[in-house]
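All chains are identified by letter, namely A, B, C and D, in their written order; residue positions are counted from 1 within each chain.
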Amino acid sequence: MSFNTFGLLFRVTTFGESYQQLSVRVGEWYASLRRTFLDKRRPGQSRFTSQRREPDSVRILSGVLEDEASGREVTTGAPIALVIENVDQRSKDYSEIRDLYRPGHADITYDLKYGLRDHRGGGRASARETASRVAAGAIARKIVPGLSVRGALVQMGSHRIERARWDWNEVDRNPFFCPDAKQAEFFADYLDGVRKQGSSVGAVIEVVAEGVPAGLGAPVYGKLDADLAAALMGINAVKGVEIGDGFLAAELSGEENADEIRMGNDGRPRFLSNHAGGILGGISTGQPIVARFAVKPTSSILTPRRTVDRYGRETEIVTKGRHDPCVGIRAVPIGEAMVACVIADHYLRHRGQVGEPPPWPFPAR
Amino acid sequence: MSFNTFGLLFRVTTFGESYQQLSVRVGEWYASLRRTFLDKRRPGQSRFTSQRREPDSVRILSGVLEDEASGREVTTGAPIALVIENVDQRSKDYSEIRDLYRPGHADITYDLKYGLRDHRGGGRASARETASRVAAGAIARKIVPGLSVRGALVQMGSHRIERARWDWNEVDRNPFFCPDAKQAEFFADYLDGVRKQGSSVGAVIEVVAEGVPAGLGAPVYGKLDADLAAALMGINAVKGVEIGDGFLAAELSGEENADEIRMGNDGRPRFLSNHAGGILGGISTGQPIVARFAVKPTSSILTPRRTVDRYGRETEIVTKGRHDPCVGIRAVPIGEAMVACVIADHYLRHRGQVGEPPPWPFPAR
Amino acid sequence: MSFNTFGLLFRVTTFGESYQQLSVRVGEWYASLRRTFLDKRRPGQSRFTSQRREPDSVRILSGVLEDEASGREVTTGAPIALVIENVDQRSKDYSEIRDLYRPGHADITYDLKYGLRDHRGGGRASARETASRVAAGAIARKIVPGLSVRGALVQMGSHRIERARWDWNEVDRNPFFCPDAKQAEFFADYLDGVRKQGSSVGAVIEVVAEGVPAGLGAPVYGKLDADLAAALMGINAVKGVEIGDGFLAAELSGEENADEIRMGNDGRPRFLSNHAGGILGGISTGQPIVARFAVKPTSSILTPRRTVDRYGRETEIVTKGRHDPCVGIRAVPIGEAMVACVIADHYLRHRGQVGEPPPWPFPAR
Amino acid sequence: MSFNTFGLLFRVTTFGESYQQLSVRVGEWYASLRRTFLDKRRPGQSRFTSQRREPDSVRILSGVLEDEASGREVTTGAPIALVIENVDQRSKDYSEIRDLYRPGHADITYDLKYGLRDHRGGGRASARETASRVAAGAIARKIVPGLSVRGALVQMGSHRIERARWDWNEVDRNPFFCPDAKQAEFFADYLDGVRKQGSSVGAVIEVVAEGVPAGLGAPVYGKLDADLAAALMGINAVKGVEIGDGFLAAELSGEENADEIRMGNDGRPRFLSNHAGGILGGISTGQPIVARFAVKPTSSILTPRRTVDRYGRETEIVTKGRHDPCVGIRAVPIGEAMVACVIADHYLRHRGQVGEPPPWPFPAR
């Protein structure tokens, strides 16, 4: 399996599978990052997310050094290696269904590709892998000066939030990362019902990156939006990605879709709207980058589904285990992290290719 | 600009900008491909697409040799280089607006990134570049035995087709690549209205790939769906990408979303539905791969829009030129080509990594 | 630092710096590899190599699973992650010279590039990193059926071995990996002298890979010899690389250099000599691949050398620490590993690109 | 064939085979580059190089635009595509030996890999491809401010130049790019003899790059010397690569090999020697980068050699055609170009990764 890395200059490589045990020690330097970001992804924080306990403590193996002059920890230029512990390892959970395929789950494609799969959990497809992404995103955020990347759940099942009620402060006040306080109350009841039925439901997540310099990306195959699409579609269970108005853009006229431009007070172009989601022709405009992605409902449900086993026998399956009724909730910090990683990578690429950006506006002739 | 290549083992590199003139001679070998695919993309075929005439004739510069024994042309292993001519070059079209930014167009991000842009057309962002993609796709289709990749326009503006009327044969019978004959009639009137107003409208395209072997892709960062998302989002004017049920998956319950499995007559697993769009955990299931993408309306419209020029002066812009009222139409063959290229690349990767796929089902113990 | 990976389909990523401490547990599966290969690289095995003790025990973190049917450990397709412990950590060794640059050592280029360096050892340039390469090579050897990769020291200082006395069996019988038993005796005395003077000396290593299928590589930029050159030049302290006759080829006439061809008993072409070192036009011929590389003497010597410190002050330096008088000795297993990794990568690439190699000879017309 | 590109941020992709015909028009902008560099590589300039006439005229297809304000041609950020014409196409030259393998030539490995080869010349392995490299190198030289890259032939057959007589001015005064005027006179007689015998001879080329900033490269797998080794070993017929003292370094003691350091008048470190060839630990020191490579004698000779044909029949071969008695001569500008490309790529990488280099020396505490 060769494809465990993403990024060109900001490169992230992950390894590990579900249910690997590591003994770790948390360094102070990274601990502050952990509290901010990894905790968001962590299951078991409310009755709405998986009851597995994954403290996600992190140990730095290389790449960081205490600077003696300042007492601060600094990066050395060497690769920053992080190991994330999994202390709550109960690999027997899946033993009953180990030879069966869960409809909607990747265990069948593993068998068809590799001829085996790791019955101790989801293998590489396990949601555990995403903790590494969140950690990588925490580092990425430090690379681009002034970058802010925030995510929010904007739809659960068929229930959307009311955008007029959007309040970023609400995101941390409810277990759904929902910016609409009123809808979050509804989600609590709604998801309780889903959970009690042993069912599951999907969600839509929106990520907004502010402070992205204009000029990141490239016009043809290193497009910023193409890389964001890959990064977000590459999150477990994601089935759709939008930039800016996304699929709604297909319904707009050219007049509606045009983000008109005036001069801003800072002497830079100021867009009067952001249908483009901050990207035109694969290159950032300087506006906030807005991306959305759809997360399907988990395949681990209590209702029996028809399936076959690895030996070609037809049967039915029920997944008991400990599972999230809405895995989309935990995808919020993962989406943030992927966006941060892509922007950091393009920030470095742009610096390499172009160096100092050209001064704008150009001198009139 | 370093990013003019996509793919890992099936690599496509393009160069050229809008309005480059080349004198070319069409080889017989490629002519047959041209008629099938390049013509689909070509503008000026009806009143609904750009009135520029781009015959898209293709010359093979390297990589193909006539085999003396068989008289057939074969690839030599050397890179297949194609040059596509542009005979209808009128670079003065844009002279009036050469220093203005079209709202919703990439000319502003080019200036912000590079400090200049090619006023002779869209530069690298020109839709001309996509002819190269279609040509690459024609080659990609030949790599995977039994592969079929077909695209169709399924929505124009807010008007969707009726899926019950889907007929692939209709796609080539109307100028919209629309599989719903009745809706195609409506589109003709509708788009005439859009064109007469000097406006533009978006569209949604669906691409279906059949004959894709199970097992292509990888579980984490070389996911087949992630690469498809990048490839489709990397097409000009695309703002959203879906695999399978896409954003609708967020609204489904786990029960609804599960593609149940039985044994097929061929001794392989047979899925009873395809919400997944042929990909689970980043790996192909053997079902048809279904992808959709949303194309925004072109920014070239006759209604004046507020903008600024390169020198920071506020003004208004009207784009006269020759433009498509619905650029999404011409995106159909491009989308097909990108899907074909991604599948061909993953086909080669899979063969490299795994070699012969494991026999399935496994022997029962 | 983005560049911690090599290979395209067989990808190796390393992290870590000199003197990282990890607590590890050695799995049985890998233990057998360890005894064969990692022990060869390990310092402290004789008075001729560094007196640091690096047991190089290895723990597998992911990618390997015990197959229940067979009881054997198999790879899962997930990335194989190995952690190598360093138990003999004495980071104070270098404290006296921490602000000084050792002439011939990379500490100055680290400072010039990054503005800091890890004073606890060589940082990423530490020879510790090479243990990872040896481990990767052990896995690479398992990928290509029938592959054998063996290395030997063929020159120390200006003293070459006598090729007529070459005996692979001798390589493991002396502390120099020297295939010439008589010259190995001389090296023992010679290197004792070097060591006692606190000096150091260079060496030349030869690596021979047998069982390499014909056809690996590519004609232009993925040349097998180019990738071997990068892999070997990328080993610490290496200053020259040769394939086949190497620099001697410049002195040959075309007649001398031609490896004439007859038909072998196996119906394949049989070369009557191997000046080419098993590679023609960047592609393997099926003959043994022969590569050599030159290792410079270590810069850590007891004789004072003129230098400056990080603050621009002129001074002198003496490196005490624990060092090898001939670091080339330990480069033997590293060179083997790099060659094995490159061949494994090209083996997978070739399978991806070409699939089954064409049958040879071709049917006569 | 996927591997037609080198470089990460300064990427060069070539296509084409021997004897492709293109009709081209030479732009003025590039003409000046052509006269400087491409002419050096061009065959048919003296009786000592191939009597094929390859005017190597170059046409720019994209990426360059005339700036109206200044009247100068500037790059647009789009890929710079160049096409190089081959007007002297006589593809029948090889018809007699088209089914035979030349000992020491890549035609056999092509057949073993691909099952066919282009009998119209060397296919992708043709020396024609190297004209593209020279053109790429001409662009690369413009990227790094103050960079100078010069090459010279320092050995022909077993005859070395006298380094005390090195004069860069002599390089352009003899047909051998030889910096030793006296030895160049000897080479003329010597090579006449080789040519008259229908034989061939190898050579060693040295390339020196001055004005390379300190800090380019990376410590582990993106080493500057590793990339140079790959680039030079990837030139046709090259069998060995050295950096700095190269294989001689193996014979030095640590004392001899140490490049002692003093403070320079410019406030930067000044090395008192350059055994390292300008690279320590994979990173440039700021000294001149010195690389050498060995070119084997061409396999195209008049003396019969034993071989087999594609059908497995034993026979003999004589290569008539038009060939260089010493292909190493024409490798001089190619070596320069490869070095320039690698340095340009690392210059961009370094700017991306590190941005502004740290000020040196550091403030004393």
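Assorted remarks:
Simple rule for what comes next: contacts are C-beta pairs under 8 Å (C-beta built on N, C-alpha and C of every residue); 3 or more make two chains touch, one makes a residue touch a chain.
This is a predicted model, so every value here is computed, not measured.
On a Cα centroid basis, the chain most remote from subunit C in this structure is B. Two chain pairs, C-D and B-C, are compared here, and C-D has more C-beta pairs in contact (counted per touch definition above). Spacing of subunit B relative to subunit C, judged by their CA centroids, is 45 angstrom. Chain centres here are Cα means. That of subunit A falls 39 Å from that of subunit C.
If you average the Cα atoms of subunit C and of subunit D, the two centres end up 26 Å apart. Residue positions of subunit A touching 2 or more other chains: 1-2, 4-5, 8-9, 14, 77-78, 110, 113-114, 116, 123-124, 219, 348-350, 353.
Interface residues of subunit D, counted against subunit B in their complex, comprise 1-2, 4-5, 7-11, 13-17, 20, 22-23, 61-63, 65, 67, 74, 76-81, 110, 113-114, 116-118, 120, 123-124, 348.
Against subunit B, the residues of subunit A that register as touching in their complex are 1-6, 14, 101-116, 123-125, 129, 155-158, 194, 199-204, 214-223, 225-234, 236, 238-263, 267, 269, 271-272, 275-277, 279-286, 294-301, 303, 305-308, 310-314, 328, 349-350, 353-354, 357-358, 360-364. The residues of subunit C lying in touch with subunit B in their complex are 8-9, 69, 77-78, 219, 348-353, 355, 365.
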